[in-house]
């Protein structure tokens, strides 16, 4: 596909090009329940944006509003430069999407289902439909099952078919809502490859997920949603690196360890079950070496979670996170 | 939000259009038009012109609104909006009458120069009368409003106040409204009879019978469609379809004069009074009260006495005991010993009539 | 925007909406509806109705000794095969055909919404008004197919089993075979329009829910309530506005000469329901969350 240098170019142009999608003050209320509130999201052109958030955080609702499926209660949506939902006819032909799980007719085969959606694709010439469907099926690895009824598909096969329908025509923007749901590890890898290929071809991708690992593996940008709000947004690298220069050492001999480190002028402080070592002036191997030489028993050494990891872990592990007062301390200003 | 407003407008406009359409379909044509302006005419002249009128070549649909408050044999129970009969005439005495509709079965009567055909789709029977004998049932006569109201006017003129009450539209044609009101001395349940006379042909297009204390006509018989003009000649001939049972009653099949006289003697029919409060009295032949009324195939019969008990309320008086059946326009009294009195009158008048014996 | 220039034609941001050709959409819709097992079973059963009625009448005729085998049209069908399709359609118009129309409408929007396939079409994108038009076309065409199918099996069964030369009308006249076929065609047309009207209302309901069963229940409820209202004398004034009123007059096609008034009235009434149904369905489709 495309080379590394071109990827660079994509990243460089993203800074100046208008965003592929942008929302301003987006709000959606379903019968008195606020699903999404005051969301300002920006998907830079050419980026792969991971939308992270626990279930019910408003990811899907935001995506549905982006695609003009749902009319926002308040706020604005712009997709590929067109106001949604009124500009749907202009923007959507260039957008492929897999939203809320794949939707297909159970009594038709995978191929027939794709043929039906292909017939509705504005950018496909009638003569090109069969080829496009065949290619899409091949791309997601469904060739063997293509002529079987959708009714008999496994969850993974359904997901692949959904992906195929999003990739029926070359897109400028692809939205994938939980694309690896139900996929086995091999399938997950394939999806990552597809996303990487799209990115390499200059397509903007929006992937939603409740797994940080997935986002880390595929995305250039990330937006974290919680309870209908965007709580963090920015380039993945910046968010990951922010405030990550600490090493956690588990040891019963905290006093001995502290003394050894202070001798070498490495800042550290005791924490329950061990030490927290600042790595700004040192490296992890050096720290371990100092401790071991001083005869300090080291049970475990690990880097402290980064701001993003810590934020996301708290969001997903504790579903009742209602207040995030220390957000500013978690995510440094430059990353937001 | 803009889209929401558009959607709302679409829904409102479409629904309004549809509902207005339904209302238009539901409301009779010309109901809201002002009455047409016609040259004034005296009631005598109008009645005379009706009596002199000839039935031209025409076709029309007749509707009956039966608000009598009781099912009357021979009259369809109808809401009066849908036609129950269609009438065709070629203006020279040939005519076709079609009764009933597809779902319920249809009867067709064709008068064709002295031959009369009766077709009944329910049993696919054809009865053919030759010699131009009049064999019209009450129903057939009623279905031709022209004949019906002419008979009415003639009979009732002496006891009624006849006025012309403005104009109206019937079957989309301008009509004069001829109103017959009983003279105050008449003891009747009826308030007035309103005949709508077509301005052009002078045919009565509609008859309404209004009873005391009722705003809606108890009986309304009239054209819902009426147009004059030459009719397709094939309408006035009839060829029995293949497979139909054709019966041709011989003269011998008809009751002889003697038989008929005997029957009338047995019935002991008497007319008491005249005009609006005329009462017809008679006697039901012995045993008839216990007879079974056939109720169509496979459903068994019902004997007349139990029907009377169901419809009427028991009364007693100088005549003995019996059952009185009241409707909006008339009353019938059947005594247990088989005497009958019927009239468009209150019950007391019937009791008096029975007492006159 | 150097990178996007490498992409195929998709990058040309035209300000004119691009759309898939309508005929392609209609064909695809029809192919899908006609592949749906429920549709096929429904069509098959409807096609059998005239055959079953025909056999029943043939048996009843042979054992009735010339007595009429029923009331109204039924009395005329024996030995009058061309009347069988009309009789079957009039019978089916009471429940089976409205059920079919409601089912088609239910699957068209509510059913597709519940499968998530409506979303796929909206994202293609098929414009919302266009989507409704495509759906309406599918429902209308398959309704027409259902009614025509009944007429065809009715004609075949009737002529083969009951025989008859031409058509005997309820007015006692005989029509030639071709004229009889014309009456059957007229019946097909009138019945189809009535089903379209009911399906339009059902489609409006279908636009509001994701549960096809609700649509069928509401549509049949409308039919039943209309039927009940039409027999209450105090509500006589309401009768001309009821959807079922036209259904009764369809049987008038076997009169000779035809009286067009009730037939035309029935079509106009159906048109009113069509307008109401489709405008509500359109309004809802425009605003519905996909």
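Which chain is which? They are A, B and C, in the order written, and residues in each are numbered from 1.
By definition in this document, contacts are C-beta pairs under 8 Å (C-beta built on N, C-alpha and C of every residue); 3 or more make two chains touch, one makes a residue touch a chain.
All of these numbers come straight from a predicted model, not from anything done at the bench.
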Chain closest to the middle, measuring from C-alpha centroids that were averaged per chain: C
Please flag the chain sitting at the greatest distance from chain B, going by CA centroids. A
The distance between the C-alpha centres of chain A and chain B, rounded to whole Å, is 83
Could you tell me the distance, in whole angstrom, between the mean C-alpha positions of chain B and chain C? 38
Distance from the mean Cα position of chain C to that of chain A, given in whole angstrom: 48
What are the residue numbers in chain A that touch two or more other chains? 71
For chain C, write out the residues touching at least two other chains, lowest number first. 287
Among all residues of chain B, which ones touch two or more of the remaining chains? 3-4
Which of the residues in chain B come into contact with chain A in the complex? 2-4
Would you mind writing out the residues of chain C in touch with chain A in their complex? 1-4, 6-11, 13-15, 17-21, 24-25, 27-28, 31-32, 35-37, 115-127, 287, 289-290
Which stretch or stretches of chain A touch chain C in the complex? 6, 9-10, 13, 17, 45-46, 64, 67-71, 80-81, 88-90, 92-95, 97, 99-108, 112, 115-117, 119-124, 126, 165, 169-172, 201-203
Note: in the complex, chain A contacts chain B through residues 71, 85-86
With touch defined as at the start, can you tell me which chain C residues reach chain B in the complex? 66-68, 71-73, 75-76, 79, 90, 165, 168, 170-174, 233, 236-241, 248-255, 257, 259, 261-262, 265, 268-269, 271-276, 278-280, 282-284, 286-287
